[in-house]
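Below, each structure is written out as structure tokens.
Shared chain: chain A. Partners: chain B in the first complex, chain C in the second.
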Partner chain A sequence: MENKVGVYICTDCGIGNSLDIQKLQEAAEKYNPVICKSHPFLCSQDGVNTIKNDIKEKGINKLVIAACSMRVNQDLFDFDPLKYVTERVNLREHVVWTQPANNENTQLMATDYLKMGIIRAQKAEIPEPNISGVERTVLVIGGGIAGISSALSVAEAGYKAILVEKSEQLGGHMRHMHKVFPSEPPYLESKPSDIEEKIRAVENNPNITVYTNSIVTGTEGEPGMFEITICSNDKLVSSSESSDSAEIAKSGPTRYKTPECSEPKKFKVGAIVFAIGWKPYDASKLSEEYDYGKFANVVTNTEFEKMAKKGEIKRPSDGKPVKNALFIQCAGQRDKKHLPYCSSICCMSSLKQAKYIREANSDASAYIIYQQMRTPGLYENFYKSTQDDEGIFLIKGSVLEMSEENDGSISIEIDNSLLGQKMIVKADLVVLATGMVTNMVPDDMQPNNLTEEFIGNIIKKETQDGITEELVPIPVALNLKYRQGPEMPHLKYGFPDSHFICFPYETRRTGIYAAGAAKAPMDAAESETDAVGAALKAIQCIELTAQGKSVHPRSGDMTFPEFRLETCTQCRRCTVECPFGALDEKPDGTPLEHPDRCRRCGTCMGACPQRIISFKDYSVDMISSMLKEIDVPDDEDFPLIVGFICENDAYPAFDIAGINGVQLPPNFRLIRVRCLGSVNLVWITDALSKGVDGVLLIGCKFGDDYQCHFIKGSQMANERLGKVQETLDRLMLEAERIDQVQLPINEYDKLPEILNQFVDKIKEIGPNPFKGF
Partner chain B sequence: MNYTEGQDKDSKNQNMAGSVILSPDLKFIRDIKRLGGETVKKCYQCATCSGICPLSSENSPFPRKEMIMTQLGMKNELFRDSDIWYCHNCNDCSKLCPRGARPGDILGALRAKFIMENSVPRFLGKIVTNPSYTLFAFFIPAFLLFAILVSLGHLSIPDGKIVYSRLFPVESIDLFFSSFVAISLIMYIISLRRFWLRLRKEDNPQTERFGKALIQAVAEFLLHRKFSKCDVNSDRKNGHLMVFYGFVGLFITTSWVAFYYWFFHINTPISLGDPLKWVANTSALLLIIGTLILIANRLKDKNVNSRSSSFDWTFAIIVLLIGLTGLSTEIVRLINITDLAYPLYFIHLLFVFYIIVYFPYSKLAHFGYRLLAITFHKMAGTDVT
Partner chain C sequence: MAQPAKKAILVIGGGISGVSVAVEAAEAGYNVILVEKNPYLGGRVAQHYRYFPKLCPPYCGLEINFRRIKQNPNISFYTLSEVTEISGSAGDFNVKIRQFPRYVNSKCTCCSRCVDVCPETRVNEFNFGMDTTKAIYLPHEMAFPMKYAIDDRYCKGAECGKCVEVCKYDAIELDAKETSFTLNNIGSIVFATGWNLYDMKKVDNLGFGRVKNVITNMMMERLAAPNGPTDGKIERPSDGKEVKKVAFVQCAGSRDENHLNYCSAICCMSSLKESTYIREKNPDSQVSIFYIDLRTPGKYEDFLKKVEKDEKIKMIKGKVAKIEQASASDDVIVTFEDVINMRKMEERFDMVVLAAGMEAQTKMKSLPGKLQLEANGFIFPTQAEGIYSAGVAKKPGDVTSSVQDATASALRAIQTAFRK
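Coming up: the complex of A and B.
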């Protein structure tokens, strides 16, 4: 592609007053642009028309707009990305709004940015989207309230849905509910569930195909065109387990057991809603604390609900009606030994069930022993109305001891923190508010004791290097034929990783959207809303894929990683490190691309030691070339630092700093990257060998409360930085010249401190010995 | 469960480990709700009330403690609790309660419930506290007084100068009232003693002797010192003080009249220039004005800070009426309207009966309980001054 570069420098917003525009233009001219002009008001109609005329008349195809941040005026500088490369050089927020006006250093910074911008535009190519046929059908796994709502939403939007349910009937847990939480104002009364109605709606909808008593035994391919295999439960072939595990121990690559089917059924879908639901925590593990299983009249909340549904609220020991019931909240919850988390629904559930007791007998008493009463949102009204009932006793306290009386009733000693006195209650029935466990967790596993990232077993294996441990993931519901494993990774306690604030439906497998209690503990109403969201995300994914565009967070990006496989050394770093499992492996060990699974973060590009991975408009060579354009001053007292900044949070943080007039040190040259995960170590060595005194990576938080838009990018960068030490040693450089900081978007005000400290540190270390070479 | 049974259960309710056995009395909670405490279950124990209450102390988070005990239906524990009598209903707590649980009203309901159940004989407690029996409560003295008239043959309005003793001779009326008041007093003392025994069950440290503590408590009463700590209801203090001294004055007047009659054979009506008359009329005015202030205060409040129960209203109106009928009886006599004077006098006597005979069962009973509660606190050294 021929480079016909047009450089446009806007002089408005203080740019013209702070910088010598003439000199900037002279610097740009060295790159032989077709056009280089300044404009007093580039984002005006006149300014935009100037650019459009040049495109028409001079055939400009690379636009370098040196003006404001790329995050603003996107609607004005909107040129067809399939025809033109648009590069926005941020002279406003990142230069004149954070630097002193008419200063030599400010001018140098602006010049470097302009030069780097021109190189970036020159190196960029027009994307060629990967357009493939898509199947406009959504597979919904799980026929509970979330799955049903999802399928109905998909059908309502005019798409087809296939609903696969493991059990004989649709409806899931909702079928066993005597009553459900109030769902409309004033939120005072629980009401019967309308699940039967919804099941009929699903069954009568011509756009929904239902397979009950079936499981998904295989998911292959990529969004837009997943190939799904399902199998009826009675057609499953059980394989002998013992031989399997023995085989694992001996053979080379570890395999997990996938179900075999005598009569598989195959079809294609465009996207998947993962709504496999929840199960109650195994109460038999609570025999120690709450005597479950020891005393006949201790039941769980799910068991009690079933009793109420049958209309038989009776003591299991002797069938006598229950007069007094005691509910124990957080039974095996918020407890490191069992479920470390709060299931969020049990307070409401016990309040609802306490009312069952009272409705059955106006002289009955129901006690709720709680630590904190948690009734989210307007459920507060339900809590208040329940509290008003004279026979419902909400007691903040903890259970000290339980004992069984001769007549089968239970005597419970409670430490009441509000009365300041211990109390003893005698109850006919004790109901344990046990929590929700996602069905991602296999039955024989504890949510608080799962292997990291992928749920599985650690298998010891004999290899040449002695005995090594390997994680063998367990297939549960998706049976993905992906290199990284058969299921989605989890972040904690088995819940499929999904950032509940930034991207609540996204999982780490593109095109698969988790909904309902499989994803996080939630009640039916919340699951319904959640399911609608997931259904719409699935449809969005299908439509974006059809256009060759990326989904969240780089929605609309038409580039995808390209591999120059001739020089691939089969190191597998890219296939292992991709946060989204986008890459499989060919038999020879080279990566097998699945462009539609890709989120375009470039983590593979950052990982590749051979630098064979690049995007049309983002590559290792591009950034290396930009680094070469930086003018490193000889002044030993002026350290020059390259900052690789994540464009998701760090870049806007710098913008906000500019908007707020926060003054920043003049030593930095910021280069935006798609994600810190895409930072290739070669850029660091390139920068250092050019004489740059330090390199700072600024990106999102990582760890448990990560904020990385690509989940592991900033963490990956951090791990790689640990390894850069070796390279620095070879160059005889101090490791402290390289650092990474985690910066949430709202902490722009910390930038001066962060940047100045780093400058001071570099000053202390002294100038880069390569300076001037 | 009646009160006596509850008392027997007290010992069983405390087990070895000091845990209380919780068996909530739902009827009790319902009664409290009915007596003006319908908001009791709303309390979520934030302790704003204890923070604001001038009588609350660190060891006795009052009235938060009473709120949770009432919610849990812990009737026996509450009836042993001196603090419900310590409160004088200033309603700072109800004003500030973020949940609208109105702790002030709950304590009022608890006191009403206590009077109802602790008084001897209990049926009178019920008749007097329950407003639907009020008419019946008036029927008793009406019947008795009428019986006296029948026995004396005074069935027509006497002619001539209005002298009320011509309807009810002093001997008969004095005998009638003094015997009933004596019975009432005995009953009241029995009730108070029951209360005192309940209080004394707890082994509180004793720092002061009963006599001295009682004298201090009386002194405080005379000055309404605790009442002054109130923010919300400062008007109420003045009203209450006037009613209090009104009653005191009328008590003195009555004794004085009896003294004149029995020792100096001075007959009623007594001349307006006599100091007795000054005391009498001042007291009557204090009573009327004080009650009007209390009623006005309640109306002004418009149920925002407290919801007066019908128990409270009935009593306030009767106190007002006793003052009004008494004063009118005097005025009507002075302007000499014979046909109105004697019936009015009869009606006035009904109110007098209601107040002075029924007092152990009415709101007036709080006088003794509160005095004992303060005495108790003074003895234990926990009094907030």
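Coming up: the complex of A and C.
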């Protein structure tokens, strides 16, 4: 498009008092804008009208607004992104509010920002959204309470749902529940489950298609138009080496077994709810601690629930009614040998089951041996109602030993930690409160011992570099034909849950939303709620995709990465580094794009050594060109530093520093980036070869408690920095000139220290020898 | 006042739950109107320093959510507003809104000249009264919308008018009046009215308000926050001394029939989290946590294990009997029953943090509409058609569960509003 740039410099909020506006305008004029003017109060009606008039009369299409932060007055400087490029140059928060007024360095900083802003606008193009047809159908995998709730909600919102359930029947664990936890105030009584009613509702809903006895054997494509293959269990052919995805398997690093089907059924869906549920922890592993499998009258909570459902609260050994039952909490839970986590529901579950014992026989008693009684929120009411029952004894303590008597009853020695003494209870039946394991975990694996990121097996391979280890992931329920593996990555213990506290539906596979106990331990009521939420996320994904817009966190972004494949060297860095598995590989090794899987972070752009990846409004060339405009002073005592800052967190932190009038060193030129993952090493080389003395990347925390909205962006940036040494060696520069810091958004108070320390370090190293070249 | 041209969902409350309902429904393509009583959005989470278990700042997610609001034409919102009346029925409610004057209009550029000249100070509620602001104030630096407001309980109005004189933008309207208007064509309503901290003065034996240096968990959040009253230094309120020895009292008011007979669900994790603030900022410190049960469900167990590894954080199962001032000192004496060792003990601390529970907003203020409330004021999950609740308005919970609930409520609201 033709560049018709209008530059508008606001002189308000201290800008006019601190800077020589005339000089700024002169600097801008060198770029031949159609218009370059200053305004005393740009965010006033008059100011905004000035811009609008220029658009109308002069055909301005690139607006450079040099005023306040892009985070404020967005509603005023709101020009149709499909017609105009709007670039906000932050002279207020990032310059005059953090720098001394009427100072040469402050002027230099403002001038550099203005020049860079003009270049950014000139280089930016109007997005051309990738609009493709979408299928307004949601695939729900798993027919338990979560899957059923999702499917019903999708249908009630006017979309179609396809529900695929592995077993013969819908309903999952709920069908075996004698009663469920109270879900409404006063939360005092457990109640029969309404699962049968819900199953009927699903079966009678014309917008829901159910496939029981079936599994998903293939998920291909992208949100809006996933291509799904399902297979009924009786048509499954014994697994073999991946063949239908030869294209990926050949070029990708791993081969894994994928199920084959003699009569596959294919259909298209727009988004997926992943509700594959949970299974009880394998109690046979508890034979040592709790004699499960050794003593007939030791059962698990799931087994006991089924007994109660059948109305048979009897001793397995001899069918005699149960007079004394003892519940052992945290059996194999909160225990690093078994499940290190708490399953959340077992306290409530044992309280509920203790009541079954009392309901079946008013003379019977129930003992619950617990460590911490966890009945959070209003479930406390239920706990209290149990405490009021004179036949239920709650004992804080741990089990020391169990032995079987001749009559089959079990004698349990308990360390009662409240009384500080040992006691022995004789019980007809011992119920182990075993925990929940997500169905993401294959049956022969333990949640506490899984491979990182993708669940699989480590195999050793002989290669030219000697023996190497490789992770071969195990397909479970999605069978994604994605380069990065067949399932969603897990965080810990197999749960594919979101790592984001405020965004619990985030997953690393766009358009696929996990729900229910597959994602984290939760009870039926929470699963139901979670599943309804996941249904909305699926619908939202379809609707945004239909408009060519990105989903969270850059929701609404209409750009997407474009690849100049002519110069691709098939290095595969983009396909490996994409945090969302958005890129596959073509047989020739070049990236195969899936724009609707993309979250627009630009990590691929940062990864590409050939600089072939760009967005309409964000590219390697754009930032390189901006760097060229920086005026590097000759003054050897004034190190000039380029700061690449994450626009989600670091940029606002600088704003807040400005609002608080925190003084920052004049040496930095900040360039906002979508994510540190998008920082291409060539920018660092560009900056250094221009004479810039140092480069600082400021972004989000990485590692276990990462805060990067794109999950791996800041970590990728850090890994790449490790490799920048080579480049620096070639330039004969010190590696210390480059650094990365992790800054949470609210810790703006740390900025002076961080920046000043870096300036001092660069001063110590001395000026960049390229200065002045 | 502008009326929605199209049918919309009304969300009452602009905390994390209400904001989530709004953005999630709007991004699926539906119109939403958000009503918030404060001059800013973000509610309680905006007052937190960090979230558990990642110890990340709430503002990180709020920033993204605010960006989603700013760029989405489907969302409109009213701050300083409350719903006074609801009539009609599902699919077509009419809702009366009362909007209190901000006295600062949208021309405000946040230049802060007004603050420099304002002679009046107000108690800063955002920091739980631990500091003051001028009567014209920015609620906090990360406030959205980023506009000043005047607290008319403190402002002298036209008789002073100094702010008006220095404001070159005509942004200050001291004669602004409360307005009320009706929104029609509201398809469904979501109450995301949140919670208040239970008034610790009601729990007499814990000494809050009477014994110096007994604070609440929410005050602790503000003390640790860089934009808090002490710029993030954890000092005790009475004399600014760096705290070295701190006690946390769990279930302060919660699980107590005389006060809140339920568990507030978040206080165990919250105190574990806050003890990391103290240990991180004052490395020479030690912390004691007095609890009944440590409730760290699910994967939060990992966080408990992590905190337990710190030998300077002790967890004591026991009930605190009373809290008193040490004689001739600002220190605090905690008398507690150590249940495991079966003894009554006294210990001296620099500061005591009460893990105060969450009380439903409805306890403070009755809400319009014929809402069915449970005994503690939480909103029943099932209401008349078209009426929903989200987050802590429904039951005590953490941020993640509130957002899950909010997302689900958004879909339910869409179903009633737009499928009728």
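FYI, the second predicted complex is superposed on the first by the 750 of 773 C-alpha atoms of A that agree within 3 Å, B and C clash if a C-alpha of one lies under 4 Å from a C-alpha of the other, contacts with A are read in each partner's own complex, and residues count from 1 in each chain.
Methods note: a contact is a pair of C-beta atoms (placed from the backbone, for glycine too) under 8 Å apart; a residue touches a chain by one contact, two chains touch by 3 or more.
Note that the structure is a prediction, hence the values are computed from the model and not measured.
Set side by side, chain B and chain C differ in how many residues of chain A they touch, and the one touching more is C. When both complexes are overlaid on chain A, the residue A:680 reaches neither chain B nor chain C. In the superposition on chain A, A:434 contacts neither chain B nor chain C. In the superposed model, A:384 makes contact with both chain B and chain C. Of the two partner chains placed by the overlay, only chain C lies in contact with A:495; chain B stays clear of it. Judged by the touch definition given at the top, the superposed model places A:190 against neither chain B nor chain C.
By the touch criterion stated above, A:365 is placed in contact with chain B alone, chain C being left untouched. In the superposition on chain A, contact of A:418 is made with both chain B and chain C. Legend: residue contacts after superposition of the two complexes on their common chain; A:660 is shown touching chain C, with no touch to chain B. In the superposition on chain A, the residues of chain A touched by chain B in one structure and by chain C in the other are 384, 418, 420.
Looking at the complex, you find that chain A touches chain C at residues 12-14, 41, 43-44, 68, 71-72, 74-75, 153, 156-158, 183-186, 334, 340-344, 372-381, 384, 417-418, 420, 492-493, 495, 497, 499-505, 520-522, 526, 529-537, 539-540, 543-544, 551-553, 555-556, 648-649, 652, 656, 659-660, 700-701, 705, 707, 709, 744-750. If you check the complex, the residues on chain A that touch chain B are 363, 365, 367, 384, 387-391, 393, 395-396, 413, 418-426.
Residue ranges on chain B touching chain A, taken from their complex, read 15, 17-24, 26, 29-30, 33, 41-42, 44-45, 65, 68-69, 71-73.
Taken together, the chain C residues at the contact with chain A in this complex read 16, 20, 24-25, 27-29, 49, 51, 53-65, 67-68, 70-72, 107, 109-111, 138, 141-142, 146, 168-169, 225-227, 231-232, 255, 261-265, 293-302, 305, 339-342, 374-376, 378, 380-382, 395-401, 403-408, 410-412, 414-415, 418-419.
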